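Each of the next two complexes has chain A plus one other chain: chain B in the first, chain C in the second.
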Partner chain A sequence: MSENKKSFDIKKLFGNTRIIVLLVMMAFFTIMRPRFFTYGNFVNIMYAVTLIAIMICGAMFAVLLGGIDRTVSGNAALSGAIMCVLISQKFNYSNGGAIIAILIALGGGLLSGLFHGLIMSRFKIPAFLLTLSTNEVLYGIVQIITGNQLINNLNCELTNYIGSTRWLGIPVPVYVLLLCFIIGYIILNHTVYGRQIYSVGGNREASELSGIPTRRVIIIAYMMSGLMGALSGIMLSCQNQQASASQAKNYENNVLAAIVVGGVSSKGGSGTLQGAMLGALLIGVMENGLRLMGIPSIYHDLAKGIIIIFVLALDMMAIARRSGLARGIFSGRKKEKKEAVASE
Partner chain B sequence: MSEVQRGEVLFEMKNIEKIFSHVHALDHVNFDVRKGEVHALLGENGAGKSTLIKILTGVYPKDGGQIFMEGKEVEINDRDDALALGIAVIFQELSLIPSLTVYQNIMLGKEEGKFGFVNARKEKKDIQDLIDRYGFPVTADATVETLSVAQKQMVEILKALSTNARIMIMDEPTASLSQRESEILYKIINQLRDQGVSIIYISHRLEEVFNLSDRITVLRDGKNAGEVEKEDIVPSEIVKMMIGKELSESTASRSLHESDTEVELEVKNLSRLGYYEDVSFKVHKGEVLVLTGLVGAGRTEVLRSIYGADPYDSGEIIFEGKVIKPRISDAVAKGFGLIPEDRRTQGFSPLLTVTRNVATTNYDKLAHGGFVNKKDEDELGKKAVEIVDLRPANPNVVVGNLSGGNQQKAVLGKWLTRDLKVILIDEPTVGIDIGAKDEIYEFVEDLAKQGVAVILVSSDIAEVLRVAHRIIVMREGKIIKEFKDGVATQEDILLASSGFTGDEKEVAHE
Partner chain C sequence: MKKLSNILLATLMAASLVACGGAANAANDANASQQQAATTEQTTTTTEAAPAQTTSGGGIGVKTPKKDPYSDPLKIAWIPSNATEANGTAWGKGIQQELAYWPNVQFDIYDGESDADKQNTVLSDLIAQGYDGIIIQAINSAVLAPTVTEAEKAGIPVVCINLDVDVPHAGLVAMTDVEAGYAIGERIAEALNGEGNVVVITAKPGASRGERLQEGFEKSLAEHPGIKMLDAQTAEWNMEKAQVVMNDYLTQYGDEIDAVFAHNDQMAEGAGMAVQNAGKELIIWGANGETKALEYIEQGIITGTVYTNCYNQGATAARVLLMNIGSTVDTSTLTKTPVIKMPPMTVDASNVDQITADMRW
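Showing the complex of A and B:
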């Protein structure tokens, strides 16, 4: 029986259209530009994907609840600004000061998440509209904090270290991402809170009537999103050694695109973090490959859009095949047969 | 064409037959409508009322019989045919577009104008004239979303009038209206009748049917069970016609008695403004208390307040001798459970597996420092599947893919895996096939045997008589009758639900 289950899992893995799309894309880029398949280029891709992927580790929670959090970019900009302003103007570039600045910057993200969580758990506001407008508010605050000036030459040892060191040839932020992913994965798959996220996202009313503290679940989700946005902003500022008033702008589009491409239902209640990571990788690989092929950047958005539509269309077709009459007449019966065989 | 005079037969259906996969939904049914009368169509659920209406409006084709309009045989193949004959259905407010004005809604699909431009001023004036003719309390340029339910219904009626409808079909028109709004509707109905419009009226509220109707046709099991003129209406006779006499005693009545075990839950003078008022009752351990009455009587709201899902304004809820202020999470911890009214929207997460759904009520047992023990969780899923005898017997099936009856069993599984003290069950068998229904009744009986106090809300009289130890009838937010000792019959409950309590049974309306 356990063997049976394993073979089924492998089948599922290869049945995953995203992995196939990713492999095909990588093969294509490798054939066109052998330089694509090199260690140096993979590090480039990692750099590009890491910041988005850290944001996903938080924004994922909001999307699983059937919401959306467009403020990940605003939170990133805010935390970067807070950190840089504190380090350069208050703590005189000291390492101890940098730690405090980072903690305060993370606190800013948590606070922003708390605010959104409180509103989303109380009122029936479309998350899209709320976070669309509050993201503008966040960028407004960033402009005030930075005086709309670029804060650069962040001559601080610690932030330098985070931004430019490699351990075993891999940039430090990638390790941060790995940690975030592991924590996020454990929360979603092994904790009561993770179960409750899926339950509330699937049916809030039924969850409430089952005794799940739905409001708390929602508030924590948005706080996670705020925290991860802030963390991503800190990494960005460490890498660039600066904070600008438009830092991370429009990252949220890539974050949400990656989550959706990763197979997470935009209605909430289903999808995995590893899927969303795969989505981020897909977008990262594509952007990298297009650049390597020397396709002018003006075409990148067009290509990205087409690939996203393509992956989603594959999904829709799969769903259409599974639902409606087909489900009742064909696949349902097939499944029963399979089960019958398995039980024999 | 000779005009049909008032009181003469305008429309006639003869020997109508309809067969759905070997079941005679309508068996030689006769039904006619006179000009300018209110003709009520009565019958229990499944008696054939809606099938007849659907044939009349062209939704279903008939399998036999004839239809005559003004003495000439006609064919009604679709809604347009019905409209052309002057037959209109007054829908609930659903068919209106909320963001448009009254006149825009009425003119929808029949806008007049040149080159694609509409003459809004003329449309508005025409509709206002129509409104003034009937004196309805709405204006032509009000936006529909600002109107009350009753006003929206008037717009529906105006819509029908604007197509020169001669026969209007009203199906449960007062179901979502307040008492006062209903009174306004009754006035409008009388007015329409005086103008020569014929109305086919369908309602579960017998009282209003008796008051409004010029004639009543009763259907039962797809056959004509009787036709009564206004002068001959006797409520208890009509209820008998609806139920039929062939029913065996065992299913038509039930002997009840109040349990003498300890009181588990007591509700004292519970009130919530606009929903229910001064509701008091006790439930004993191991007792099945049924709250029945018509939809909208306030039963679901009482249940939800007891569970902490909705607030209440005054009164007390006493559990095991102590006054409690219920909150859902506390209630669940104390051993309460709720099987909600609409399982699709309230009962389960359709995307999750049976195991995960069952787990939602069991995290107090599954969690160890915030982490879920997967083994325990899987065990729980298996246990639930076993307890409720789920088909397929697989805890990893996504609940959204199960049949209605098995979805309800999955919801049951959420609670049967817990140690319950009080379970609140709301319309548990709506949309469920007969086999699964019986199983659910057995679960209810088992729970009671185990000492759980059960409060069950149901509108299905057969179900009430099947499971009840004691019956409380609610109407318009109040308890109007309790059956606790002796025998309760279908007839008793139907009459009480409709506002005829006990002694006045034989007294006809004023």
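Showing the complex of A and C:
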């Protein structure tokens, strides 16, 4: 993995279908709306994908294990609720209290991740089913914590600073995203744990036989996911100056879509974090471009779905071509025919 | 008493048969024929009809109240479209506070989870469980219509809050929407002296409240040809998405934008944040009047909103429901849903202090 990355290769870079799709899309939007290609707009796109992308930095670990973590949104709602309730009702909007509240909120995410990790490593419950139901549980807990009210957090300096300050014209949450990405990238590519996670995701039994502590690998992966989900929720509550009991609902679908568009195998064991980020960016650029062009919102979902299918189809084509399997209408049928003609 | 009501019912049935001419099969379904009869006849009023008023030719049907709403044990349910949203919670609180006075009333909340099918299932369950009255914020006016009719036929009055269904039923207690959209349009036109550009951040596509706010808003714009609507995109009722949409508006239109109209306060707040971060000042209007929006008006982040007292609205719905449970009007025979409109209050920095803490939701 890491060796390939060291040899930077333009040909390989452009061999990545996603980058080509992204560049084509950007070129198209730039021609249609020159204002697309401005520094300010790129900052806006980054800002728009930040919450999703922070979640991806965690959910990626679960997907690499061949699992899936739908609780990222529930964790985000939980952490936002914990933070806002503590700040507004216990700490009286003080900055010191806010730091403690943020830490407790992150702890909530870690705990939720630990719980999922323990179950996933012990029992063979499909991750999809488990996290689908526990996500409901998490939202239930959030409803109890917030009493189904909006918890306003307008007066806390620290959270307002995080939510609405810009450094060098870039919002603070984007820096948090960069930090998360760097941490995730280093863990996945430059640590023993990173190699173990790809190994366990590829083949759990073989990894176990070769002495990898698979249970620990799984537990840590889900804890990462819980932590990043919680962090994303804290950013959201800082931006909104508020926690609601339905906050971040359904974000997990966008997270999973971006991961899949990013070329991460849902069976586990392959895919990169930068690929998943590219997936998020692709969706972000498309939504931004469509809005700049003034295309009515009712068409956005349609366009999003088509782009996702298109990218996946390109992917399948590339895989089929590489593996030499002749399948589908794109890859190899012509060759087959030629061969058939030749053999005649 | 029972005998009397049977006789009344029979009279009514006979009357409706006459009214409907050759509808012979109607005899199988007394309720259906009552409704048919009702549709052919005069419009109804919301006042209670005394049993003696059941004249031939249909009209409103009568019933014998099964219970006295102020002393017999009652079960009442509230089904908001989403129990976790600010107004859903506020209405629930308003209903609860009103009903808390009557110890005979049991009050339950069932979350619709933003899903019309879910609401439908809940509603069917409540009919089966024999609830005495239901208050609902119907996500989809068509999907829920048959089940509401079913409830009414089972003698369970249904009162809608804000989002109505397509069939007549016991009552609707609504915020103003077309009027509110119009009022906001007028305020923006006034502030801009009739010249300028406005962008709209819309509700989830297909939401009736969003469409009606927009209808009123566009009606006002039509009267001010100098004001141009540059764009309208959805942020799905959502604050953080509105911030993204507003950022994109600012990229695309830059200084051309003079004013923003968002279909709810959450989205107006998001737009306000985006505008503030961009170092600009624009006229930004929302609608509903939730607490944070009022504080944002005080802080100057947004310009104004149309406030409705949701506690009061919930309490009103509860009162209408209790009245209908105890009344002798058979609400399943109404031809038009009686409507109560909550008086709106257009709020900006000049009068925001009139909304005191206990009125904020």
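Some points to look at:
As a convention for this text, the second predicted complex is superposed on the first by the 314 of 344 C-alpha atoms of A that agree within 3 Å, B and C clash if a C-alpha of one lies under 4 Å from a C-alpha of the other, contacts with A are read in each partner's own complex, and residues count from 1 in each chain.
Basically, a contact is a pair of C-beta atoms (placed from the backbone, for glycine too) under 8 Å apart; a residue touches a chain by one contact, two chains touch by 3 or more.
This structure is a prediction, so every number in the text was calculated from the model and none was measured.
Annotation for the three-chain superposition on chain A: chain B and chain C fit side by side. Among chain B and chain C, the chain that touches a larger number of residues in chain A is C.
In the superposed model, A:207 lies in contact with chain B only, and not with chain C.
Residue contacts after overlaying the shared chain place A:270 against chain B, while chain C stays out of touching range.
In the superposed model, A:192 makes contact with chain B only, not with chain C. When the shared chain is aligned, no partner comes close enough to touch A:73: not chain B, not chain C.
Once the two complexes are laid over each other on the shared chain, residue contacts for A:135 go to neither chain B nor chain C.
By the touch criterion defined above, A:121 lies against neither chain B nor chain C after alignment on the C-alpha atoms of chain A.
When the shared chain is aligned, no partner comes close enough to touch A:159: not chain B, not chain C. After superposing the two complexes on their shared chain, the closest approach between C-alpha atoms of chain B and chain C is 30 Å.
Touching of chain A by both chain B and chain C, each in its own complex, is seen for no residue at all.
Chain A contributes residues 33, 35-36, 38, 40-41, 44, 47-48, 51, 143, 146, 148-150, 152, 154, 164, 166, 171, 236, 239-242, 244-246, 288, 291-292, 294, 296-298 to its touches with chain C in the complex. Those residues of chain A that touch chain B in the complex are listed here as 190-196, 198-199, 202-203, 205-213, 265, 269-270, 327, 332, 336, 339. Within the complex, the chain B residues that touch chain A are 307, 309, 328-329, 331-333, 338, 340, 345-352, 356-357, 359-361, 363, 366-367, 370-372, 374, 392, 394, 401, 414.
Those residues of chain C whose C-beta lies close enough to touch chain A in the complex are 82-86, 88-89, 92, 202, 205, 231-234, 239-240, 243-245, 247-249, 251-252, 254, 269-270, 273, 276-277, 290-292, 295, 299.
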